[in-house]
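Naming follows writing order (A, B, C and D), and every chain is counted from residue 1.
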């Protein structure tokens, strides 16, 4: 990094200083596969403890000041109290994630169910989530529907889209102020034949019909093999419909590994599109949605935040002038090299400097490990029921 | 089929009688992979001979009365004369396929090229294709762009979309009467990093911006692994944007095998969505786009037409009343069974009856083989340059 | 079927009469995804009730006389008593499936774990399963290892193979008489970066090193997209190493849907290789391994057994003489047609005849539904803890 | 790199100094897709000029001293003369690649063809390639077969394996001295239903039957989506059967892009397995097999060589002691971090130092561009027929 021009260095540091990454409450709880949920030590037992863990991540990284909630997993009696608790710990409550996939009634779908009573129940939950947003001051309602079918013929594709559109419209109408609806898509799982919102095209189509505050959210693990995710990023940016990301990484399906762990170059290419469009700090929600099934959760989240930072720093280093000149000249190798030069740069010294500037330990993982936080929660939370997806 | 109710039988036969499948002129010429084009005997040497082969397929199947052209592969001096030739042989000229991928100028793209002169040339070709349509009386202009990039950074994703939109708008404005623009998407090949129109979402977005006569065309070989194609069919039907199909089948990528050869159940599910929406004869273009690299071409096209017919017949046999009742009741197994019952039915006797009704031989392949047509063209076309993708 | 030659008909019926399909005890219990296990009514509460359900499937299909057990899910104090119970109901106990993936100790692997104590525990469980085989008289020990890693670098690939080889060797040495070891492979899930036995090559390599009674088992849902499964069937048949199948179907990953539901043509092609090699009744274990997450379990298993029967019947109808003649002549279309002719045949009337011959109701699903069995178990099993993967 | 310990630095540089990467003669000729071969300027017209281009790559990189030939593309009257020509330019002739896919006779297969005369012809070509090896002094015969089928039923899977085994055995028997046979596998293309050697399991099985000098070669673009290639590397290393690599990169299928361009992290993981097993200089052939369809060929090869060097340098930087300690302790995050630390290091300064030590320009691309070589060949080769796959 010695040869980084002072102006470049200053510009990059300035952007990195404003970056915000949201962590998810459920990432601190137990998770697993259909085969087994391996229990870990020190896992939070309620939303207050999840918020405390999220605050710990922010304390050591400095760029994760909000935590997303999942309703009903994070249902509390008094959301204002939870918000105060967060504030006391230096963070705020973020995106509200609706959950309409864990009730027996939803076996054949929630808002797309053939049974109008089930649809009513599901939509009521979505509306309840907006109530929660009102209480927490959250801007974004994130909707992921597990709805779909397992067998050809099981239900009618177009009718289910009609039902989906109806529930979305009712929920959208309930939003006020600058509240937004983020619609997520996913190719498969848990539905194995047809998913009602399987791709960005479907999410986009519904968002356009709803209105400007309906935006698409990209979960980086929700695509068919071979899908060019940064292309979708660029398309949605161009259409003004990119609401946010659920970051994680995958080798096969929705593996929900730490972002940047499977294909760091892809993460860089995604952030490059964001930087190119100058949208790093314009309202896109950068969220983590991961499952730390076998690795300790808090340091895994810290590592993930750092991975996003590193990808962003590299993206910020791309020489746009050189890039555009090579593109314009049709020089394939030089255009590619302009990108790769930035990617191959080791930005870790730069990020250590950033942290020092922010009054943080340059090595967040080591600082967390030395802080005694884990030893404390392991003891405090040794009794009681650890939080998990079913909790 | 003995237990098929007379009313059902009559309804199905009536629908099958109106079915129209368009064959492609280039399917009769030589084709291959990047590794080798294996020459075959009797291959047509010019568009007139291609039309003759298409007419032969229609003569034995009775449901393939149009043939699609590819410009410049099928460029002739006098399109009216070619149209007359077709008419004399009992067929008509169909969809005009533009080709902006075989000129050295298009190495880095056609309508999305960074060089405005190349874009102009490409768009001019699209306009020329509309001229051809005027001359041939074709309704549809089919656009597939090989445009894309091979390396990250090679060109700017959003800028290329802007250029694409501009070329499409100029071409769309040139359409008159009931002429339509069919926009095709493809995941990859020949571009290997990013394709400018890789998925239905992108094609749909552009079509909506263009106007009602811009429609999406689905090539069944152009998707990522695991993509549910019939879902896309249903989505585009619901949105009023399904312009047509390029039928073929694939095990891996864009293999361009005979439709129905790789996954006949998928073809049935696609036709089921068409029948469900009552769109079998409402304007959707059902086209074949295949490469018969190793099998004789004319009987391969005949077999493909028959495969579409069989899938359609099975789709027409689905008991919609039983299907909807099971769906409404949430009876997963019965709903699936309603579909499978139709799929498992052997419809070949029914199609033999249809052909007999139409005055055709019930076995088109055998009839073709016994007709002496191949022996004749093998001799007639023994000298000269066989047509191929480069011709 | 009216034109089926009497000799052909007799030959096919004779083969179908000897067909044996093994159902899995765990298919009758509750199952689901990581998102939710939807409880069903009438689900068995212990191995005895699972065996009763399996016997019910056999009662209505006539070709499912054995039931596979999963240890520890089906652990009982007295296996001889369970075997008697099975016999009383008209079935016998089949393959023993080891389970070394549901203990907290196995978080980082079982037989491949870096910790020798965990490896010892896992291998001891495998040996215990052979003890169970001795008690039940089961021929086959089926081994599937969830072992693998989630992150690059997490553990050493080759060292893990050494540990695997050691555990397999110790277990293999414990087998006596005609007991066999069936080694299963799986691309991914629950491990998301590297699975220790991900493909047939790995399973084959270990089996060859172990000895002749070590055989590969193919789960039809355990492959990468685009894998030609019938090719693997043929390769293992040629090498004398195909021990059996875990049948199910999938659109995306290891979806564990009813076999034949996603791609019935693929199932037919698999059975065609078996019939071609004359291995239908030579010792290959044909097992179902499915999860009926949303559909009622017993009729789903019945339907699956019927699907395998139908695919087998079609495979038996392939005219091998015509097929080989076309292959020898290099006639691509005729060779393919020889296969497709059999596939397109509606074999359901033939199977109805078979069942009538066997003294069964020609329609097993309807017969089951009319039998009152479900109503009885729904009531009997209304109280108590339903069996599931964790039970 | 300032904090790299002198000992580490010295060790890494020493290994990098001995690294050898073989380039392919055909990479310098024109190539393309089935849609279009875009001609480039300065493309060699015969094997002598291809060798000259390869020598140019070696001149600027210092680690590419051999060039692979493809027969018949590189057939010459006097191989000794071609070898002398190479030697004069500072390189030697490397692997001989057989080509049995470009003759009309091979439409339905070469060594697996149903016609014994075609098989004889194909095997004779393989034997001829060993003759060439004798003349050139090449160690390795690389065999890739495009053989396979496009349609189910087209030919018999097991019979084709028998024919394959026979041809391999005859060719293997012809090898003398330390000559080796490298058997390559590929999932698909140009065969679209079944490929006769589709995966490493098949190649391994044949190699084991042939003998120790039969080894598997891994083309990094020849796998199903989601395949863990470094796992296969480790398996073949453990089995003593890894003969070499055909390096390239891909996003979708066999895209044949510059190695390291699509997933540089994967390339690093592959080299990490090589380094872990201490096999960097023990006989594995590291070859490039790429198609530079749209980018200039010589700089693209130089870039590819540099990409392999960078991945190797990073792999050499992995702290094996820390890695194994974390693995042994079951510390998932630290084990992963040990790998990532090396990957994130910017090794370009180190490689510049290496080149300076070798008396080379630290920036091979710039040096090539400044050398005037391209301007010279563009002029010299302006007339005549450029070499390509069909030449």
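Points worth noting:
One rule holds for everything that comes next: a residue touches a chain if its C-beta (ideal position, glycine included) is under 8 Å from a C-beta of that chain, and two chains touch if they have at least 3 such contacts.
Note that the structure is predicted; figures quoted are calculated from it, not measured.
The pair with more inter-chain C-beta contacts, choosing from C-D and B-D, is C-D. Interface residue usage between chain B and chain C, two copies of one sequence, is largely shared: over half of the residue numbers at the contact are used by both copies. With centres taken as mean Cα positions, chain D sits 38 Å from chain B.
Residue positions of chain B with contacts to 2 or more other chains are 108, 150-152, 187-188, 193, 225-226, 228, 251-252, 261, 265, 294-295, 332, 336-337.
Residues of chain A touching chain B in their complex: 108, 114-115, 150-158, 161, 187-188, 193-195, 198-202, 204-205, 223-228, 230-232, 234-235, 237-239, 265, 269, 273, 276-277, 323-324, 326-328, 330, 332, 335-340.
Against chain D, in their complex, chain B makes its touches with residues 31-36, 38-39, 101-102, 104, 106-108, 146, 150-152, 187-190, 192-193, 225, 250-253, 255, 257-258, 261-262, 293-295, 389.
Interface residues of chain C facing chain B in the complex, by the touch rule stated above, are 225-226, 228, 251-252, 261, 263-265, 294-296, 299-300, 303, 310, 332-333, 336-337, 343-346, 348, 365.
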